[in-house]
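Across the two complexes that follow, chain A remains constant while its partner is chain B and subsequently chain C.
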Partner chain A sequence: MKRGPENLGGQPRANGCSFSKHGAGGGLKNGYVRGSAGADTHSQIHRIVHNGGLYKRPFNEAFEETPMLVAVLTYVGYGVLTLFGYLRDFLRYWKIEKCHHATDREEQLDFVPLYQDFENFYTRNLYMRIRDSWNRPICSVPGARVDMMERVSHDYNWTFKYTGKVIKDVINMGSYNYLGYTQNTGPFSEAASKVLSQYGVGVCSTRQEMGNLDKHEELETLVARFLGVESAMAYGMGFATNSMNIPALVGKGCLILSDELNHASLVLGARLSGATIRIFKHNNMQSLEKLLKDAIVYGQPRTHRPWKKILIVVEGVYSMEGSIVRLPEVIALKKKYKSYLYLDEAHSIGALGPSGRGVVDYFGLNPEDVDVMMGTFTKSFGAAGGYIGGKKELIDYLRVHSHSAVYATSLSPPVVEQIIASIKCIMGEDGTTIGKQRIQQLSENTRYFRRRLKEMGFIIYGNEDSPIIPLMLYMPAKIGAFGREMLKRHIAVVVVGFPATPIIESRARFCLSAAHTKEILDIALKELDEVGDLLQIKYSRHRLVPLLDRPFDETTYEETED
Partner chain B sequence: MDLKRVKDYIYWLYYQYLLISCSYVLEPWERSMFHMIIITVVAMVMYTAYVFVPIHVRLAFEFFSQMFGSQPESTVLLMN
Partner chain C sequence: MAASMGQQWVLVEMVQAFYEAPTYHLILEGILILWIIRLLFSKTYKLQERSDLTPKEKEELIEEWQPEPLVPPVSKDHPALNYNVVSGPPSHKITVNGKECINFASFNFLGLLDNERVKNAAQASLSKYGVGTCGPRGFYGTFDVHLELEERLAKFMRTEEAIIYSYGFATIASAIPAYSKRGDIVFVDEAACFAIQKGLQASRSNIKFFKHNDMADLERLLKEQEIEDQKNPRKARVTRRFIVVEGLYVNTGDVCHLPELVKLKYKYKVRIFLEESLSFGVLGEHGRGVTEHFGIKMDDIDLISANMENSLASIGGFCCGRSFVIDHQRLSGQGYCFSASLPPLLAAAAIEALNIMEENPGIFHVLQQKCKKMHTALKGIPGLRVIGQSLSPALHLQLEESTGTRDSDMRLLKEIVDYCMNRGIALTQARYLDKEEKYLPLPSIRVVVTVEQTDLELDKAASLIREAAESVLN
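This part shows the complex of A and B:
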């Protein structure tokens, strides 16, 4: 954050927006800018970059509006399914039809009903019909291609039978294997197996007691060096890293400002901590600033004492929207209001930035500006576990106070070795340029795939650099049809519906990988084109709304100090 | 050859109808029930249209011709 004040110092620009990388050129007021940045030169495209001065690179993030007709038809579809759901529930109630789903027991009928809320209705009557597209077992390494087990259902997805056959070499567009380190051959797995024969698998104790191996220490210094922070700590599970460390950092009398789309682990951690939680609109800096202002002006409810700590919790790349956090603005706000920042880089570490160091690297910021850098080894590194990086005092505090350090078994040594090997590869310390190439390959793949999908007319969400690509399907029947048609064409995709997304915004989600070659992507794109025509899911009218249902309250960073 | 194209097109239309109405994911007996309901509703709408629309059109025509048109024919006749 060396540049912010310089840029802003010259003229008191309010919320400038511009295309130029620095945005220092014109004193633009908040508003729409018409232009043709980006791949497609459509006259209606608006691009907007808030506080352009804070960004060193163009930030193109777009969420196309749902076409009205599609929204109406989607609701009609849900209406039909709901009506039939009621019919089926009626039949089950009167024992005309056998009920496969869990029901309240006879003797518990007068207690609080367990299976009558909307989620259960949805699971029983809507999700069940298209369940075959979810939870498919695989039986090989989930690399660029994967083997899947064939299964059939004779009772409309209530139970499945395995036919014993294997669907070979399905193109894998669903794994979080961003850098393609999920392999069972090659130098990493050899290194891991060597460590396995030296250390064994289990550690059978926690970090605080006897489970502290030299491998763990080696990993932590390496991670700290990789992230550019003073110190780091590794945990055996990414989910627990979030849900156990947030309670160690904040407690009663503290305030957590959380993005509305944060991952379940962050939500759980925030709730366990006992701190007050306030939610801001997804990636919306106006909403965040308003909450910060209110928190400082009014303090705690009733007593009006100031909050002990204010912690802003955001993710690097959001796994459902494919959006990238507006980190420069978040950091500016954090500094202005003297709060703390917790950044979950689960999906961005390794996958973003010219040297694979996550969003901080992507925006060219200083890692010290982020107080708590959290991330997982599950995705880009093809291993398991999570880490937290930050100041030495923070990590020392966590070593003593985090539940994950006190009560959870430490990382298995072969896993540690896989992480070490892959981080070294990314940093180029293994003497090759493979890591660099993979990062480049991933960003090329991302841009190529996004551009082609956009050209074909699909509605896709998110930032143009995010390797997670949500493709909107909307209608419930198309979720099932899309999964089945793609698998028929030997492409494995992840489809997402309610409750992971709003009910009308069902989508398919592609995760690109450096392991995908151009040929694989071209095959996938060809099949996608075909399925897109068959299912009529090329909804795009090329009308990008600039991510703004937000008010144009001014966010000013003039008082920002270094 | 052409017949096959038409057949394909009709099948495609039917597929789109299945997808949009969500009957794609219904079980066969539900699907036939859904089709029956849709067919019944459409048939009734068409029948109603066939029976009532001509009458209404004629009435409306008469009404408007009375309002805007020249003198009613009967009066004209009387004057003669």
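This part shows the complex of A and C:
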């Protein structure tokens, strides 16, 4: 498990990437993969070291290239779908096929159409075919197993009818319940229940007016202690934490360098700020460094004034790729180029690091090196809302200038209590070792599940320590097929396609949880194995490429608010 | 042949001209030729000097650059930095900074925050579902409670469909950019709340502000646009037009002129988005808001948005309208698609609050009476001006005469607030982000009326405010 940086193989080259291969069964065989050594005999193990000296632990992150045939077939698939889409639109136009979608009011038909036809085309002809794979309603705690409401559609997914039956105990591989704190019994919900009967659910005011409860202050002190930062502030919604606080930090004349795969909330926040936005390639430090260098050397476009400040915006774990940010390098770059770092730990807080303190903890870094530590309470803590942690000056400034603090209703007290209880458990302050065990369990589950999927021959993306595991499906027809087959086998999975992913990279995504037992995972894996054969989605040829070797084009996309 | 002949002739003429030319001319030409040769062989302008910095120069520039601090320092006694601390529930009786007060600051209009039935419903939900949903609506974050709440809201508002968001602010801020895109035109009231402003900014549409509640000004803008459209009909055919107004303005306490707006809507073919956070559960016989207040058909309004954080005393927000409109948000509403769904216990609380509203329609009349009473009682306080209509449960008290600067006005109002707070009435100043607001409202104290306040308490509050104004302003 432990191996010093000198053992990482390859000589750390500045901004380079050394890529060493070891034969199967070699002495350096993946020490961090638990379990049988024979399992990997047919695969090659690749070790990617990039600025290796900065890392205190192995950083294994690889992506297998899309097989050519699969890519071609995927495009053909979209072609066929589009052709049929046009055909059916034609039939609908001439009223040969019944038209299901809602239309504007008679009285308003001469208004400008409310939304564009192309958006409709995609929704009507592609999304509608497999719409049953999303928005599946559940009716229990979203724990390791979940009860789902059975629904049927008699008109090809245009409308759903609930049969009234409940599909019991479906294995839940979709919820972001990393540490399993979503529970309806036990100390967490008891604590929340107590606060609920004392405080009620609402607050009916904002933090700056009359909505700053003692509970909120208690939470913020605890969060700051948990993160190891001077001060913290909590907000009612994770999405809004990003979109309503980035504008308070940067503005016109500032530059935001944003990872291309950043979450919609970060993109929205960046846009609302009025700062210039430049996008770097996903987790690609060369691309980031080039942007940083150019930004400082050439200044603002047209006026060539120096930038007021530069904010690098990254996520801890990327929710669609399962990759972990190269934080040690980002911090090194940030220091070298005197910029600031905004780290969104929505998926990593609680889920990564030996003590669950997120990606900073995972790499053994100092939380003070991250200027803005942002995260959400929705995932690992089984609650709702978000936080920002950092230096006292930063948080004081946000208390005065954050849009949330001034205009949005504060967090609901029972939700706050759930967060307090779960953080205390993670920190071991509840007097138990449950927190520690769960973190351990999650990381074991992650490694085990990833290893088994790889062995089966699926193409899996991301870092070997990331509890988010994308499994590549590629073809649009397989999105629906996979979702349905898995549900038939009582396993709830998330499938995603365009526009959440690049058009040919449709995928399924598993979110592991500490609540999953080995038994549950084995059942899921067995079913996955069968479905994989059935749908022929075991595409892997075990040729991994590090992220850096993926095509890197020098052009950058710039966005300026007008 | 003819061509070469011609050329020969030209050559001959040239030689002749050379002989005939005066000497000074030849010398001049000679100098010119030499000059041209010099220009040709001398270095042209030096490109290298302005392009391509050497790596060393770049390093120096990087070394030299000094960014601004991430945030400017905030002084320790900034009025917005030190929040009031509420210990215990922020209900009718509230403990602020250790002092017991009657709450005239929280938007708990119907007193449902402390309601036992609501709490019990939330408890039941908590023991079934736990707290969090651990996912967005698309990915196993849709609970049966959400579906029920959406159905109930749609039914209550008498619309086809409703959609819920997990945060009140994000509701209208996501709904606007779901429809209005770059190039579209939005006509919006100057007094529109901050959530609307942010939604407009996110939409990147063309924004046209009309004077607060001034229908003539709106019509002027609409007419201007009509003339513009006639000039460029092709563009007009794809430019969506919206009017965004609030039912009851949180910043002014005024009711919008909905009947006129609906007339304008059909005349100029503009869609109306109505933000009803303050009027939902307040105006109208059954609390359905400003549409019911004016007896306007729901179908005449394209989209109604409101939060569940005021009258319903829960968290979150909703939009309702026809399926054709609302369904679009399920794929395009950013705050809906990309955010975790509303914790089920909050949805359950909202359902129970709706039940209570439906069972006691008399409650809205009671609230109206109290609002009127408070409005009258606050009128005529020397030095203070009441802003807002008498049916608004949130009134603003502004200084009749400004002291000159915003800061000193704020300080005076704070003294009034503190005076009342020390004597058992909890009030708050309306808070704004001075630099971010498009049209910054004047500083004010916001007085909130709820059904829980007794006549005695209303009288006490009004006389205390009067007393405070007298002692502070004189």
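One rule holds for everything that comes next: the second predicted complex is superposed on the first by the 484 of 562 C-alpha atoms of A that agree within 3 Å, B and C clash if a C-alpha of one lies under 4 Å from a C-alpha of the other, contacts with A are read in each partner's own complex, and residues count from 1 in each chain.
The criterion applied here is as follows: contacts are C-beta pairs under 8 Å (C-beta built on N, C-alpha and C of every residue); 3 or more make two chains touch, one makes a residue touch a chain.
This one's a predicted model, so the numbers in the text were calculated from it and none came from an experiment.
*Asks:* Tell me the contact category for A:418 with respect to chain B and chain C: first, second, both or neither.
*Replies:* second
*Asks:* Could you say whether A:183 touches chain B, chain C, both of them, or neither, answering first, second, both or neither?
*Replies:* It touches chain C, and chain B stays clear.
*Asks:* Counting only touches as set out at the top, which of chain B and chain C does A:277 meet: first, second, both, neither?
*Replies:* neither
*Asks:* As a test of reading the superposition: which chain, chain B or chain C, is in touch with more residues of chain A?
*Replies:* C
*Asks:* Considering only the touch criterion stated at the top, classify A:149 as touching first (chain B), second (chain C), both, or neither.
*Replies:* Touch partner of A:149: chain C, not chain B.
*Asks:* Touch check for A:503: first (chain B), second (chain C), both, or neither?
*Replies:* It touches nothing on chain B or chain C.
*Asks:* Quick one: classify A:200 as touching chain B (first), chain C (second), both or neither.
*Replies:* It touches chain C, and chain B stays clear.
*Asks:* State the interface residues of chain A toward chain C in the complex, per the touch definition above.
*Replies:* 102-105, 107-108, 110-115, 119, 123, 127, 134-143, 146, 149, 172, 174-177, 181-185, 188-189, 192-193, 196-214, 217, 236-240, 243-244, 247, 249, 263-265, 268, 271-272, 293, 296-297, 306-311, 336-340, 371-372, 376-379, 381-384, 393-394, 396-401, 403-404, 406-409, 412-415, 418, 492, 494, 562
*Asks:* Applying the document's contact rule, which stretches of chain A touch chain B when the two form their complex?
*Replies:* Going through chain A, the ones touching chain B are 73, 76-78, 80-81, 84, 87, 129-130, 156, 475-478, 480-481, 534-536.
*Asks:* Okay, in this complex, where on chain B does chain A touch?
*Replies:* 15-16, 18-27, 30, 34
*Asks:* Which part of chain C faces chain A closely enough to touch in the complex?
*Replies:* Residues in contact with chain A: 53, 58, 61-62, 65-74, 78, 80-81, 83-91, 94, 96, 103, 105-108, 112-115, 118-119, 122-123, 126-135, 137-144, 146-147, 166-170, 179, 193-195, 198, 201-202, 204, 236-241, 266, 269-271, 299, 302, 307, 309-310, 312-315, 322-325, 327-328, 330-332, 334-335, 337-340, 342-343, 345-346, 349, 426, 428-433, 436, 446.
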